[in-house]
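A, B, C and D label the chains in the order they appear, each numbered from 1.
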Amino acid sequence: MTLRVSVVGASGYVGGELLRLLLWHPEVAVIQATSGRNAGRYLHQVHPNLRGRSKVQFVHPDRLEPCDLLFLALPHGEAAQAIERYAGLAPRLIDCSADFRLRDPAVYARWYREEHPAPAWLDRFVYGLPEVSREALRGVNYASGVGCNATATNLALLPLVQAGLVDEQRPVIVEIKVGSSEGGATSSESSHHPERAGAVRSFAPVGHRHTAEVEMVTGLTNVHLSVTSVELVRGALATAHVFANRPVTEKDLWQAYRAFAATQPFVRIVKERQGIYRYPEPKILAGSNFADIGFTLDETTGRIVSICALDNLMKGAAGSAVQCMNLMAGFVETEGLDFPGLHPI
Amino acid sequence: MTLRVSVVGASGYVGGELLRLLLWHPEVAVIQATSGRNAGRYLHQVHPNLRGRSKVQFVHPDRLEPCDLLFLALPHGEAAQAIERYAGLAPRLIDCSADFRLRDPAVYARWYREEHPAPAWLDRFVYGLPEVSREALRGVNYASGVGCNATATNLALLPLVQAGLVDEQRPVIVEIKVGSSEGGATSSESSHHPERAGAVRSFAPVGHRHTAEVEMVTGLTNVHLSVTSVELVRGALATAHVFANRPVTEKDLWQAYRAFAATQPFVRIVKERQGIYRYPEPKILAGSNFADIGFTLDETTGRIVSICALDNLMKGAAGSAVQCMNLMAGFVETEGLDFPGLHPI
Amino acid sequence: MTLRVSVVGASGYVGGELLRLLLWHPEVAVIQATSGRNAGRYLHQVHPNLRGRSKVQFVHPDRLEPCDLLFLALPHGEAAQAIERYAGLAPRLIDCSADFRLRDPAVYARWYREEHPAPAWLDRFVYGLPEVSREALRGVNYASGVGCNATATNLALLPLVQAGLVDEQRPVIVEIKVGSSEGGATSSESSHHPERAGAVRSFAPVGHRHTAEVEMVTGLTNVHLSVTSVELVRGALATAHVFANRPVTEKDLWQAYRAFAATQPFVRIVKERQGIYRYPEPKILAGSNFADIGFTLDETTGRIVSICALDNLMKGAAGSAVQCMNLMAGFVETEGLDFPGLHPI
Amino acid sequence: MTLRVSVVGASGYVGGELLRLLLWHPEVAVIQATSGRNAGRYLHQVHPNLRGRSKVQFVHPDRLEPCDLLFLALPHGEAAQAIERYAGLAPRLIDCSADFRLRDPAVYARWYREEHPAPAWLDRFVYGLPEVSREALRGVNYASGVGCNATATNLALLPLVQAGLVDEQRPVIVEIKVGSSEGGATSSESSHHPERAGAVRSFAPVGHRHTAEVEMVTGLTNVHLSVTSVELVRGALATAHVFANRPVTEKDLWQAYRAFAATQPFVRIVKERQGIYRYPEPKILAGSNFADIGFTLDETTGRIVSICALDNLMKGAAGSAVQCMNLMAGFVETEGLDFPGLHPI
């Protein structure tokens, strides 16, 4: 039986990517897509790649009707403010914002500098990264989204964390290079093309909010994120510098990464001795739900560099959300997510 | 019954794109992929987006075995030189090169400055653009490929040609802006990133060989191509300047374009009064088989600007080839070609 | 004696480029730079490349004081509205906008769809392209700016026009590929990086206002402009398609181009048989005042392709303006304009 | 009296940049430029930005003649192999390669995996970064070049090192984002535009040879470099993560950075609370000799992020070399190096 879904906040980039995935998903029918500004326009007038696929028009959020599952792709804080309303409209919710990712309201308050507007709901949401909560997501009703940079970082670190290899005495430094779509669909002075093109901009050298998500998922407490914007639209590359807590060989690391990736349909290990693509590369993942992970070891110093590439709008947002939907609704986990990315691009 | 296909010249960009399409095509099994240089390597070691999809390894071209259909994606001239061999290996051939596109050996000789090596074969090949030879392609055994720039130009011009609107006394000027993947997978001084990045390079202001294909398909004789390389990997935009042979209105043009696009599953008309994507834009077509066409009219001067955007590796090469295969083998024409492109990208 | 100059509208891109040129100009002192929005900020807080060079702060336009020469770099229409005020503040004016470029108020009205606010002033301004009005500019008090796309087109066409080679019966089609800085410093939906990056956008396929400037400068009446935005910040490339009015050889064309370039310190002929840079390339002109021109001839059809590359903010705006200043003030024409551009870039 | 200089290895990118600087340098005459492959060609046929400036033609290296000062811009190892010959041709040498940067032959052997071919010469060369060896460079005859990534790293770290703020117990992690010109002028598979464009490529996550230069200049031993290639032609951004050895405030850091920058004509501190350019940004430094440095402090964790941006071909190579020449020859240190970079770009 077809799952009837709607997307709230559908004119943003995550909303558009949800629509692309859902309109081609064999088990799903897209019922409504809301947008305050674009009510009445056809989907393809905002997301031109959808031209010819659907006759759906954006509706004003006030006209949202009941359905089987609601995707919320709203600006920070809006989902939490109106969570009761959304929960009244659909038995299942997947919220792509940061509103329901953290379990601890105190942690939320520290990083987002305000009290959580609906703390009682935090426990009802399962963290929406199947790579860490697959079993908990099966059949559940509420899933959070994931932070794109948090996900790149988490997937870089988890193989080492799960293998117990991280020296927690020494800082874990994670440098994340990101594309401009992370800033969303609204233009600003800093996204003006002549300024943003070719930039290598220190966007968040310290204090990135996704740190909270990384600490929650990995359990690490000595982890430091730094985000730099580079010339790219889609994509993120996390480069994590980890010191091992005991002497390790490359073979040990292969074992750790293989153990982690073995059960993950969208995680691939990329580590080649030759060729151009020796490590994970975000550009070939545009539109794909894969997270590619790789590593290298500095044998002299014991530094492990663990690398994760992904498409911030896919595995870092809409792709993981659809993967969650598949698990929640009992579909095949990979359904609708098989686009492999392009080469060259 | 599954169609058993092989790709000859599979390490190039068109070959890689064919593999991407064929590995996900529900009616097809990829039997072999040949590459002289890469024999023994896995497909994903050359085309990293295919990682995890297939255990096929490149084989040396000498080891090519019989199959149901052969895709030839070879450098200029190689298919024609060995056409008897390939025809002996498979009942069906789709050749992506320029070797079998032109019907007239004299035209071939004029543009390619050499006698055609297998002129007797020219008549056996149907020109592989379903938009102009759909019925002829159904069930046929041999199809040529298409030139990427020729296709962008042809699809820009055909709506006007078929509506009988072109003033042939005045020159038709077509400026085509192209990405770097048109140059193929082999590096050269001129493709070196520091030189090619950000370039606006007059690649072929006159004398472009695809002119022959445009003359053959459109029947026009006063058409002039000019190709400029811009910062882009995939994509081509043809901007055709045509003067009407009688007073026309925008409504007449809408009629002409709609008449042309109505029967074409991969042709969309893009003409919006507002928004960012008012005309066809190649970047949102990366990976897609759509050709978007649009137009505008300078009412003061009677100049019509007709615009076509496409992905040179898809509708301009591998996508059209797979579409031909679908027609030749009796599959649904659009099978395996439903990726809509990405936004943003 | 040092020329005391001020820049009105100094926070825009043309204003910033004027400041860069003037702050390093040996004969000039920058007295004031106005900006409504940025009053009180240091120049480098808006134009970061000027950091460390000047302690000047932007002042509000109302606080503009008398000086020797005023550069006006204002949005369309503003200079004309207040021309009496500016003329009262300085004996010499160089206006970079389109307000005083056209001599004929009727032509202005047709292209800008409004009556000129100060038609009596049109005759007092000399058209600010030294390549066409060098002698008229010497010692004069008022010079207009130039349109960037008009200048690229004019410099592509003038060698042929001056040699009397243009067949005026056949249309002259000019395709201009432009970077994002042509849109100015104010961000918009269409300049948002995820949308603008990698675009090949049909910005003005017909109806470009600079057509008026081209007609005025070249005297041609059958000339048709088309502007396409490509991935580039600075730079414009005009590709002009001209049919000769009599049989011509490449040697005739060399003669025509050499005759034109001989007396122009900032015009270079680029036409090489080998290497990467065979034709004019805008990317290597970033920051330079050169306009590079080149050509090729299709001997079969008589089509001449004439190509001009320039930096739209330099030869297409601020560079030409400073060159005008040099002529008006009796300085060496090339003073302060010797930056050659970078390679690679 | 004009200094007569020649450039050996002048067809590479560093060679080309040296020529650009030297041809406009008021105290210098360029006598010869050598290139094996390009002998007989004009400079502008390789470096198109130099068109119209010089009639010099490349000569074969065997035809190199005596002069006052030789710049060596050769591939790794070549300067050291032939150092006696070069020293016989000119009393002064500036070598841009890595051959004479390290003082200790054992360190050289460890990082370059071969014995130094001319160890006796190591002591005669002064390390060519005026920011660390200005006084030693005055009047000296032999100066080494600098590593581009080493220089970005050193200038990020030196303010903290000189202020005695670095906790050497905790690792210093430096992530350097670099453009494609760092790979030099020779094309390769990995520099092929369709592969390199838009890449975020883990070029040297561990084991970067410039580590040796950083250890030598800063005296730090627990410093770890990681280099990632991004979409950019010129430019490098080093992001250094340093933990303070005692509680520090932002004010302490301002003091440290100001103390370092005060005496350096080409070092600017960039740290703004608002605007787009809050931290050093390499793109606005293209062609400039400035190194911009900035910092931020994570007060919760004591992590200092120190950032340096530069143009790898200028302050990271040719610019520093010309600055050395100025010091060696007794010219004004900043002579010929006043280009401020462009905005926008």
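Rule of thumb we're sticking to: a residue touches a chain if its C-beta (ideal position, glycine included) is under 8 Å from a C-beta of that chain, and two chains touch if they have at least 3 such contacts.
What you see is a predicted model; the values in this text were computed from it and never measured.
Relative to subunit A, the chain whose mean Cα position lies farthest away is C. Between A-B and A-D, more contacting C-beta pairs join the chains of A-D. Between the CA-based centres of subunit B and subunit D the separation comes to 45 Å, rounded to the whole angstrom. Put simply, the C-alpha centre of subunit A and that of subunit B have 35 angstrom between them. Per-chain Cα centroids separate subunit A from subunit D by 38 Å. Residue positions of subunit D with contacts to 2 or more other chains are 13, 181, 185, 189, 194, 198, 231, 233, 276, 281, 344-345.
The touch graph of the protein chains shown is complete. By the touch criterion stated above, subunit C contacts subunit A in their complex at residues 13, 179-181, 183, 185-189, 191-194, 196-198, 231, 233.
Against subunit A, the residues of subunit D that register as touching in their complex are 170-171, 173, 175, 177, 189-190, 194-195, 198-202, 205-207, 224, 226, 228, 230-232, 235, 237, 239, 241, 243, 276, 278-283, 294, 296-298, 301, 303, 305, 307, 309, 344-345.
Subunit D meets subunit C in the complex at residues 13, 16, 20, 24, 45-53, 181, 185, 233-234, 268, 270, 272, 275-277, 281, 284, 286-288, 290, 292, 338-345.
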